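Chains here go by letter, A, B, C, D and E, matching the order in which they are written, and residues are numbered from 1 within each.
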Amino acid sequence: MENAILFAPELICLLMGLVLFFCTVLNRSYRTTRGIAIASGIAMIAACLWTLSLEGEPFFPGIYAVDFFSQLIKTVLAVGFLFVVIASANPLTVDRNGWLEVPLFFIFSTLGMMMMVSATELLTLYVAMELAAYPVYIVVALHRNADIGGESAAKYMVQGMAASAISLYGMSFLFGTYGSTYFSAISIPHAAAHPIFYLGLLLTLAGFFFKLGAFPFHFWAPDTYETAPHPVITFIATVSKIAAIGILCRLLSLAMPGGWESGHAQTALMWASVIAMSLGNLSALAQKDLKRLLGYSTVAHAGYVLLALQTFAEWGLTAALFYAIGYFAMSFACFLVICEIGRSEDRITIDSVSGLYKRAPFLSFTLLIGLFGLIGLPPTVGFVGKWFLFSAALQRGQFYLVLIAAINAAVALYYYLLIIRQLYWVEPATQNTIKPTPLIAVTAMATIILVIAMGTLPGPFWDMAARAARALIS
Amino acid sequence: MLEQAVIYTFVALVLIGGGLAAFSRQILYAIIGLGISLLGLAGLFLNLGSPFVAAMQVLIYIGGITVAIVFAMMLSIAMSIRPPNPDARKLGFAIACAVIFFGAVAHLIRGAQFQQIASPASEKAWSVGALGHALLTHYNVVFEALSLVLLLAIIGAILIARKA
Amino acid sequence: MDTLSLILLTTISPLACFIIAIIFLVQQPRAAQGLVLFGSAISLLSAIGLLVQGPVEPLRFLWFQSGAIQLQFGFILDGASLMFGVVVAFITACIMLYSVGYMAHDPGKTRYFALLSFFAWSMLSFVYAVDLLQSFIFWELVGLSSFFLIGFWFEKPEAAGAARKAFLMTRVGDVGLFIGILLILQLVSNFDIPSLLDPQTGLSTQVSPGILNAITLLIFIGIMGKSAQFPLHTWLPDAMEGPTPVSALLHSATMVAAGVFLMIRLHPLFMAAQDTALIVLSIATFTAILASTIAMVDTDIKKVLAYSSISQLGFMLMALAAGSLFAGVFHLITHAVFKALLFLCSGIYIHAYHTNSMAEIGRSGGRRLKATTLGLIIGGAALSGVPPLAGFWSKEEIFAQLGHNGFNIYMAGAFLAAFLTAYYTFRMIFLITKPDQAPASDHSHPEPLNMKAPVLILTLGAIVLGFFGSNIAQGLGLIPQHHSVILMISAVGVVILGILIAYFDYGRDNAPRTGFISKIAPLDTLFTNKWYIDDIYRVTIVAITHALSRILHWIENHVLDGNYDRFGLGILRTGAKSTRVQGGWMQLYLGWAIILLAVVALYLGLQ
Amino acid sequence: MPLLSSILLTPVITLIILLLMPQKAVRGIRLICAFSGLLTCVLSLQLWMGYDPTSGGIQFEEIIPWVSAIGISYHLGVDGFGVILVMLNSIVYFTGVLTMWDLEDRVKEYFAFMVLLVIGVFGVFMSLDLFFFFFFYEIAVVPMYPLILIWGSGNRAYAGMKLMLFLLAGSALLFPGLLAIYHHAGLNTFDIIALSAHTFDPQFQIFVYPFIYIGFGVLAGLFPFHGWSPTGHVAAPSAVSMLHAGVLMKLGAFGILTVGIRLLPEGAAYWAPTFVVLAVIGIIYGAYVAMRQTDFKFVIGFSSVSHMGIVLLGLNLAVLGSVAATDALNGAVFQMFAHGIMTALFFSTAGYIYDKSHSKTIADFGGLGAQMPRAVSIFIVAGLCGAGLPGLASFWAELLVFLAALKTYPIAGVIVILGLVLTAVYILRVFNQAFFGAPNPKWENLKAQDMSGLHLIPRAILIAVLVIFGFVPRLMLDLINSTTVAFLGNF
Amino acid sequence: MTLEAYLLVGAALFSLGLIGALSHRNLIALLIGIELMMNAASLNLMAFNRFVVTDPTTGQIFVLIIIGLAAAEVAIFLSIILRIYRAYHDIDAEKLTKLSG
């Protein structure tokens, strides 16, 4: 029973997923399905909060860990799921036949992500990862235009499969080096098989980098962002990013207290960080498609997070977690607006938001706050988060690294400002106003409040992240 | 000696099949190559002491997956039988990548010292029963998750492939 | 009344008038005019009261403190400031009275009177300032009021240009002065004039002669600017674009004398700095001659008077540099009176005939304005140094001083200048009073009383002031230089020679009406073109400044800004390129990723 | 209620009220802003009066732990510099609101952004915590973009973008610099006071100081990173230019002072000779470039570069530890205030002329003095202040800085004093081309639109401030001098 | 055969899969390449399971799960191929570059 409580969020997720499955089978309306999904989201959040402070291993020891870290991430994932479902009120870009199943895939993917952050064993992790990934492949394919959906899904999936294959190959070496798949075993340094261990680690991490959209596996990101249906990409850009950062934290935390921390891993991550942020920002500069632009910007933000993670220190972990939560809110603010304004448009270009100020003042304000956050301006969480991330890197004395990151942030300003300019300055092409439903307005409000609250009162959030980081390391 | 020969045969099957799959310009040959390679692998698995996994490899991989690919190919055959233009540049790049990668990995493998056990574990530990037990106790989460993935895959496949 | 309230009354009442007029009385020019006149009268009376009270100890108040520097403001009430203060207040009052008529129909009357008031305040404050920095502040404000008054008719581009020129040229001088003052501050952390001048503990005892020379030279640069000495003199003739009363008040009698007054203030320092004194003497002498030569050929009555002012200022500085404080002060005061008189007369002519040309005025019947012509002749004679008018006495004093100290070359220069002065003054008088053709008809209106009265008062002053030399000397606590009879006779001789030649050239019937100098063509050209000094400036300093600003502007636009823009665009282009690299063939990425991983792994393995 | 928080909260509350007010309530919005501006002025005055100048230290401190785990605290406090700069901001805020009284387009948003800017500026002047310092610093920068973009004129998209890129590039230098200070001290606190007690390794100081200096210097118009400033000034609406040139640029100088010099004195001293050269170049260069501008606001913009050069010069001279250090710092801070008021006056008037004529080109006018005598007079006052005329506040500032320059680097001193002539040249050029000379008949209609009534109030306030401090510099110098002495006592 | 030999075979298989995945234009061929790569991982796991690990169940289960997931993966991927085929009547990977901007 105690195990069931520890497993409550996942359990509720699973159960609600099955309920949704029956809904689709019984072919109820999309409204009902979505309603149930919203309810399940709320239930999941409740369950997460309930289990927030619990610790334990609900299954066979070493396989699955429930601690503050995992529960914190799960809470955010549950919130993310809820928000994404709310945002997908009108998934017009999704194939009409697939509407009912969209929440279903989302919830199972969320389940996979929840399991990912709790997994403490390679095999569990791998399966959870695939559980999180497959539903997303499917919904990407469910674009209302078969050609666009198919292409983008195929691209996404090829990259994903290749990444998992590489990851698997790497895991096999880890397994071979230690004779075990438990993280607890792997985290002990193993001098004899040193080089091959690194090969394994590198290949394994490569798979996760794919999830994070970080260099060098970020290439899927912009294409998918551009072409996937809006709700789907909202899910990918917000929820799955949380999970990705969570799992990276989990993996890298293995390295920490006297683990296999080493200059090599750090150097590799450092380069990955630098290249990811530079490449992401530079490429974003040239984009006209809003979603694609945000895709590149995600790559850049992944670079910022890696900046903190490569420190292999508690501070870095805390900062990364803090930023992950903040990033979720900021990017959700952007994508929520994209979902609303692009209900029936396949492509959202920068021109699509022209003069949005006149058509939908509140939505454009939401987008503005989101963009301010992504730029890193106070009083949003973007500023505080960057402060923490960079601070973490500087704790290691990586002055120039932080300088590069800060310059990148300044470069990024350009393309974000272009959007803001379109938003507030350019005359709109059409005059029809967009009025968000109350539920969406409330969600947008909540996002804004979250972005600003984390930016002005970061204390409690930082403490939570720090607690989670400590839970990881100990 | 015979055993060695069998093993080498399997190895040869794996590599030849793999080569066929990798280099063939005809999809059908590639699929056949895949099948051959998988068959060789199943043999190696058998040799490595796991008849159950070998069986599964044959059943699911060769019997299921490869056949599914063949079906898919046949469904889209109208276009795929036309032999695509050979693209030497691309092939060269791929080979270069593979060679570099292989070189690096082989070098590392040769340099690595694994803590090998003196003798294989007992028969009991290799038994199907032990496997099943572990799957239902130790790895029950994984097992459940896998079933969920398969369920989703089925739903998804149906949805995606459904005619609009 | 006690000294403090008197001095405050003297200085503050014009300021109060200025503020009230400019803020509240813009729409009521008559009220403004009355108020300003009233304020000026109060100021004059208080100044006289102060003079009657006699010299007292300076009054000082703490102004502010910064680091080691402590600055005071206050009032110095010694002979020089008391007397000059009265002169300033007096002449200001006269000119304001005169302006009531002169500016009667000008729409900007309030502004005009307010500015005059502002000038009176800053000039009086300058005169009484106890602290060098305080002096400097009011020195600048005096310059500012000059700027506004020259540019009073700002719709005229010439006036605006002249105002700018005046401001900039005096500014150049002020920079020198400013540096000099700051040097003093640096060296002694003190600006208090009496203590700076103290023979025992003052500046001259604390610094080496070289530095003292440098400081005084820098200060002299300021004086050059303000008192229009070569080479910073060219703004003054241009400044005649302003209303004539302004020219009378600022650009001959008082404001330009501020430079001289500063030298009077700091006379001991200049005396201690031998080299500077010599340089001042040379420049002053040269300026006196230079200005006179130009005055000889100019046809514009105000320009002639302006050059004459420059030349007379040269005389004053000569006296001071030669060592006689008294001679300088004396000439300063007499000059203030008779030059103001001359300007007022010229103003009446201009007002009456709407022309600045002397010949035109004469032809139009200038001499019919009796009082004015009387003033012109008396003032001119005083300027030339005709005994026994004011100018004669003060100039005598200067010659005496030069002779006493053995500056023979300079004395020769002074004689030359005096000769030229007499010549050009009487040239002016003859041109006006003896026109080449009889005036056609008299269409001029007689000079109004409020314009005539100041002229008459000043005429009286020009006649009698010369006899108060000893009182002035007494006020300064000095003894006048003993006059040698030979010197006096030769000086008078020179003046008479000048007058005679002027008469020969312009005065007698069927005179050639061209100057003797026109027979020496090169000199004539040189003088007519004002020694080409303006032109030299135009092709050197002005051109260099323009060129520099053009170059730097180009740098700003093309090198700095342009490169920033290029840099930004470059980044954008890189961005576009990087997307192109990433676009397309997706397997390429995978391949590169694998190669990267392999290389990293290999690197780790090889370690 | 603690005074500093009250001052900071006044605009914050104003902002919240503004956001809640309906779009249409234009009058109410204006009144609320004006009232809040007035309130900040009153509170700042109270601060000024309440500050005890004898000690010269930090007063009115308030500390609330914020993120205690890493040592961030909400720590407010002001020394003499802070007091006058807070005052400056209040004045400019109040007069800025009055200047934009006639705005009709998107009033609510305009004032909201403006108030946000004001919040940021107040925050910087009061913060004693590196995090909050930077936090507010960025807040102050953010609203510039929408303000320029939406309400600006001319090439505003370009100008706004350029401004933001420059400023945030400066922040990019600051970011690692500030964090490095924190980590290098190892005290686990961002508190500036606590950090200033720590002696940093000289090598480290020398390394980090340029980042801090240039990072903040970009905002202060440091040559050669000044390019954004004239362009930005030109495009911004007048009240924004006022706040921008008047207050925002001071943030940069204040940052150099509070973070750079206070925490890294040895680094500052090491670099000072180099930066003195840059400052001198900036002064002269700004003046020369201003001479050739054809646009009012460009002239003012480049004059700001030149004038801020004086501030920077003063700051750098102050750290050299010579006898003139006190004067230099006094002068620099005085100049911050004086230039702030002066530029505010400049821009508010130039903006007024632009609003009425829709032209900023100097050559377009000519004899405007006859058509808009009041506006022109006010502009002339500002111009004269810019030219360093005695009797107006900036004279004292320049005097003190020049004095220090002459003492420390005589050649530099002479050069910058010669710059006074150049300043006069470009100011007079504007006067002559635009205000004097024959009136242009094109602008006859402006005769009826000269400044009057309400428009005169803000300008009159600014002029009054300039004149008061011009004649009674003691009011300010007493306040700064003790702080300067205390500040330099740390060296 | 030694562990090393098995691992080398695995590496070779992986490399062959890589060639397949990198050089082909046909989506099905890509899939085949990736399957080879996954199988290389399986081989490694089995080899380690035999030579290194004391408890041989883990590796086997790992491989079994890989097989299961591969089945799911292939199912989805093939359905996507069919979807594309319907839309394009072509399954040329290079045509997909149309998407990238």
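Convention: a residue touches a chain if its C-beta (ideal position, glycine included) is under 8 Å from a C-beta of that chain, and two chains touch if they have at least 3 such contacts.
Just so it is clear, the structure is predicted and the values come from calculations on it, not from any experiment.
Enquirer: Which neighbours do chain A and chain D have in common?
Expert: Chains touching both chain A and chain D: C.
Enquirer: Using only alpha carbons, which chain's centroid is the nearest to the whole structure's centroid?
Expert: D
Enquirer: Report the chain whose CA-based centre is farthest from the CA-based centre of chain B.
Expert: Most remote chain from chain B, centroid-wise, comes out as C.
Enquirer: Let me check something: if the centre of a chain is the mean of its CA atoms, which chain is farthest from chain E?
Expert: Most distant chain from chain E: C.
Enquirer: Looking at every pair of chains, which has the largest contact count?
Expert: Looking across every pairing, the one with the most contacts is B-E.
Enquirer: Quick check: how many Å separate the C-alpha centres of chain B and chain C?
Expert: Once rounded, the distance between the two centres reads 102 Å.
Enquirer: Can you work out the whole-Å distance between the CA centroids of chain B and chain E?
Expert: 6
Enquirer: How many angstrom lie between the centres of chain A and chain E, each centre taken as the mean Cα position?
Expert: One centre to the other, that is 26 Å.
Enquirer: Can you work out the whole-Å distance between the CA centroids of chain C and chain D?
Expert: Between these chains, centre-to-centre, one finds 36 Å.
Enquirer: Name the residues of chain E that each touch 2 or more other chains.
Expert: 7, 14, 17-18, 21-23, 30-31, 42, 47-48, 52-54, 58, 61, 65, 69, 72-73, 76, 79-81, 83, 86, 93, 96, 100-101 - these are the residues of chain E that touch more than one other chain.
Enquirer: Mind pulling the chain D residues that touch 2 or more other chains?
Expert: Within chain D, the residues that touch at least two other chains are 165.
Enquirer: Could you say which residues in chain A touch two or more other chains, in rising order?
Expert: 123, 127, 130, 134, 137-138, 141, 146, 153, 155, 158, 162, 166, 176, 179, 195-196, 199, 222-223, 287, 414 - these are the residues of chain A that touch more than one other chain.
Enquirer: With touch defined as at the top, which chains are paired up in contact here?
Expert: Result for touching pairs of chains: A-B, A-C, A-D, A-E, B-C, B-E, C-D, C-E.
Enquirer: Quick check on the complex: what are the chain C residues that touch chain D?
Expert: Residue list for chain C touching chain D: 62-69, 133, 136-138, 140-141, 144, 151, 154-157, 159-161, 163-164, 167-168, 171-172, 174-175, 178-179, 182-183, 185-186, 545-546, 548-550, 552-553, 556, 560-561, 564, 568.
Enquirer: For chain C, which residues count as touching chain B in their complex?
Expert: 587-588, 591-592, 594-595, 597-599, 601-602, 605-606
Enquirer: Which residues of chain B touch chain A in their complex?
Expert: Interface residues on the chain B side: 104-105, 108-109, 111-115, 137-142, 145-146, 148-149, 152-153, 155-156, 159-160, 162, 164.
Enquirer: Tell me, which parts of chain B touch chain E in their complex?
Expert: Contacts found on chain B: 4, 7, 11, 14-15, 18-19, 21-23, 27, 30-31, 33-34, 37-38, 41, 44-45, 47-50, 52-53, 56-57, 60-61, 64-65, 68-69, 71-73, 75-76, 78-80, 84, 87, 90-91, 93-95, 97-99, 101-102, 105-106, 109-110, 114-117, 120-121, 125-126, 130-131, 134-135, 138-139, 142, 146, 149-150, 152-154, 156-158, 160-161, 163.
Enquirer: Can you check the complex and tell me which residues of chain D touch chain C?
Expert: 162, 165-166, 224, 227, 231, 285, 288-289, 291-293, 323-327, 330-331, 367, 369-370, 384, 389-391, 395-396, 399-400, 402-403, 406-407, 413-414, 417-418, 420-422, 424-425, 428-429, 431-432, 435-439, 473-474, 477-478, 481, 484-485
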